[in-house]
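Okay, so chain A shows up in both of these, paired with chain B first and chain C after.
Here is the complex of A and B:
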């Protein structure tokens, strides 16, 4: 039915299977949309947030998707600025994932604020002292950059590419893509950092507060660093999941291994920095406010010291050690485990830097605050996941996301007569490679 | 008409006098059109600009002692006006007035991001989870001097700033630049039957609040009176609400201390 839209030289599942998948994930999406509408129409009383938890699961989700979406800017940085040419074979997917993550982040923010129609006040009445202002500006600008980076991919759809204007536009956009990659890396450095600064500047909250350089607390740099380390891990993870679902290899091992290696070294250096930061905070910063390390981790049902060990050790140092070793990267199970742990680690870091900050009692006569999200909060947090899956499904089916797919999964080319006959008679789910001058699967920036 | 000298309005609450009657809370709610709901049992969802905490010394009878601690907004000065909440608000919906020392909240500019709530260690910032619903006829008794807040914005104690505006207007009409001490008083101060709350200008040595705590402005306003303290002094929030008590165990709950530290 939709074979004319499918890139040449690759095979896709039957249309009914694709639509069934869309319908199932779409049902989850609609559940999230329903919850979102409830929050917009009835207000944030639909959540389990309260005076103690002004920030909750949404802000965590926001920070987490932005962190794991960091694969887009860092892969782009490596590809265009550092010159790691092999990464051209995964940059399209990294951009797609980044696009999904950042659009999700903006959507979550739109649900999270109490007066969504006043959202533009953050730009109009901007407070230059606020880290959130910096986040808003850089995040919006970077989302614009991601749109520009994603657009040429859409234009490479087989049918759209037939239109000369779109073909030329796509070609010319690829020519200047390095400029946008550099801009994206610059903007990402600041908004990832500012998200870290959001917690780090809270001098009224000793769990989150950090000293730093000039106006930037240490968390500013740690957040950027961890996003650059774990973002590519998320890109690898989603690539692997896509390969598992598609039951075929989409990216060559050397590409994955290169990204994994860089990610591993970033994660290792980040872990060292994080441990140093934690040590200084626990022995100098927190005691100066009257707190010991264990004051932050004891006498409560959830936030035991295990959470720190899990975040920094098991989900930080361990995956880093796996990823920096050749054997670790080449062993499928170890690679899977490492990228999953790294992603959990960065998400956990964002969790404690949002939720635990609020859970820790600061006034000596109050107790720990615990929180569990309402179903509306859960549904609206799952909403971006469903949206992301659908966008990946559509993009994978109709756009040349993986330049190496055709090469890795060769299919027998039919004769022109057979192809013509197929197109005339009934819809086919398989598109074969041909010698026609339409573009083959190419890297977006080629 | 410019004032001669910047004011620094603050409050002194004598905890030895406070009986925990809650008059200050009621007066505050009535004065400032603070919304309430039919079910106010969940205090983490209800709005009270002035909240009274109950402190106990944790000792068994007959040594048990309790203390009620009223907690309005601390109107922190922070460092040079960078109070915890003011510096983080992305839309400049809250501001520190160098003229009065009062931290304001602009309800019509707040878009409800709640970053200020996360920043405030005193939990004085409250979010309107619901639109206010007044019992039939009660809307006629609302104060015309304070705007009611809609769902989705943050609000907090303003030190009854509208009273300051009204008295300043009056003073200007009379050709005066300065206010008398008793001209501008908050609703909670006037309502306290025990006289536990005192309000005034901490920059003015003639005002009672100044004489009660003797703020050392060279030390960020730290009280020279040994019986006076501010909550969470060590965080550097530089609050303008002082507490007085002769009870050592109450003073020990003013801040967090390491085991090897003495207050």
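Here is the complex of A and C:
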């Protein structure tokens, strides 16, 4: 039914199967939309927010999706600025994942502020002393950059590409994509960092407070570093999941291994910096405020010292050591384990830096503030996941997301004959196909 | 916020914050304008269609 929209040289599941998948995930999406509308119509009393937790569970979801979405800016930086040419085969998917993550982050923020009609206040009545203002500026602008990076992919759809203006627009955008990628890297550096900076400047909360350079606490640099390290791991993870569901190889091993290797070294250096930062904080910063390390990890039902060991050791050093070794990257199980651990690690880091901070008592007579979200918060946090799955399904089906797919999965001869027959029926399309660029090439390269 | 807004103050904070915002928005705006105009020109010249 929709075969005319599917990229040439690749095979997709039957339409009914695709629609069934959309309907199943769409049901989850609708549940989230219902909860979102409840929050907007009835107000934030639908959440379990209180004076200790003024941002609900959403603040963690927001920081986590922004961290794992960091794969888009870092892969773009490596591809266009550093010149790692092999990454052109995964950059489209990295951009798609980044687009999903950042649009989700903005959606979560729109729910979290409770009054989205006043969302523009932060731009017009900007508090120029706030790191969150910087986050809002850079986040919105970077989402604009991601839209610009995602647009050529849409324009490369088989039918849209037939329109000369759209073909030329896509070609021109690819030509100057390095400019947009550089802008994206600049914006990402600052908003990832400022999200960490927010925790680091809280001198009234010694669990988060850190010293630093000029106005930037060490958490500023650690957040950017961890996003650049773990973002590509998330890209690899989603690529592997897509390959498992599609039951075919979509990206060559050398591309995945290159990204995994860079990610591994980034993660290793980040882990060393994080350990040094934690050590200094535990032995100098926290005691100077009247706390010992174990004050932050005892007398509560959830936050034990295990969370620190899990975050820094098991989900930091361990995946880094796997990813920097050639054998680790080439072994499928080890690679899966490493990228999953790295993604859990960065999500756990964001949890600790925004939710554990709020839980820790800051006065001797205050007990720990534990928190459990309402079902509306859970539904609206799952909403972006369903939205992301649907967008990946649609993009994978109709857009040339994986340039190496046709080469890695040659279609059987009978299907070629069917395509020839179909092309004979469409002479104009055939002529265009002969003029079209090679499947592995971007329009600019063609 | 623009310099002619009543809330604007000519200090380093406003210049750095809003300067960065306008810088990024200008790059995106000018980049897209260039691409669209060039695409329109190329289409007018017959590129990208059957003769491409």
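Simple rule for what comes next: the second predicted complex is superposed on the first by the 411 of 446 C-alpha atoms of A that agree within 3 Å, B and C clash if a C-alpha of one lies under 4 Å from a C-alpha of the other, contacts with A are read in each partner's own complex, and residues count from 1 in each chain.
Just so it is clear, a contact is a pair of C-beta atoms (placed from the backbone, for glycine too) under 8 Å apart; a residue touches a chain by one contact, two chains touch by 3 or more.
Keep in mind the model is a prediction, meaning the values are calculated, not measured.
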First (chain B), second (chain C), both or neither touched by A:17: neither
Chain B versus chain C as contact partner of A:129, first or second or both or neither: both
Per-residue contact with chain A, leading partner among chain C and chain B: B
Contacts of A:173 with chain B and chain C, given as first, second, both or neither: second
Chain B versus chain C as contact partner of A:283, first or second or both or neither: neither
Touched partner set for A:164, first chain B, second chain C, both or neither: second
Touched partner set for A:145, first chain B, second chain C, both or neither: second
Partner chain in contact with A:269 - chain B first, chain C second, else both or neither: neither
Partner chain(s) touched by A:186 [first = chain B, second = chain C, both, neither]: second
Interface residues of chain A shared between complexes with chain B and chain C: 124-126, 129, 133
Footprint of chain A on chain B - complex, ascending: 42-45, 53, 55, 69, 78, 82, 84, 87-93, 109-123, 125-131, 150-154, 231-232, 234-237, 253-259, 261
Residue ranges of chain C touching chain A (in the complex, touch as defined): 1, 5, 7, 13-14, 16-18, 20-21, 24-25, 27-28, 31-32, 34-36, 38-40, 42-43, 47-50, 52
Of chain A, residues touching chain B in the complex: 43-45, 49-52, 54-55, 112-116, 118-119, 121-122, 124-127, 129-133, 136, 198, 201-206, 287-292, 295, 357-358, 362-366, 369
Residues of chain A that touch chain C when the two form their complex: 123-126, 128-129, 133-134, 137-138, 141, 144-145, 148, 164-169, 171-173, 176, 179-180, 183, 186-187, 190, 428, 431-432, 435
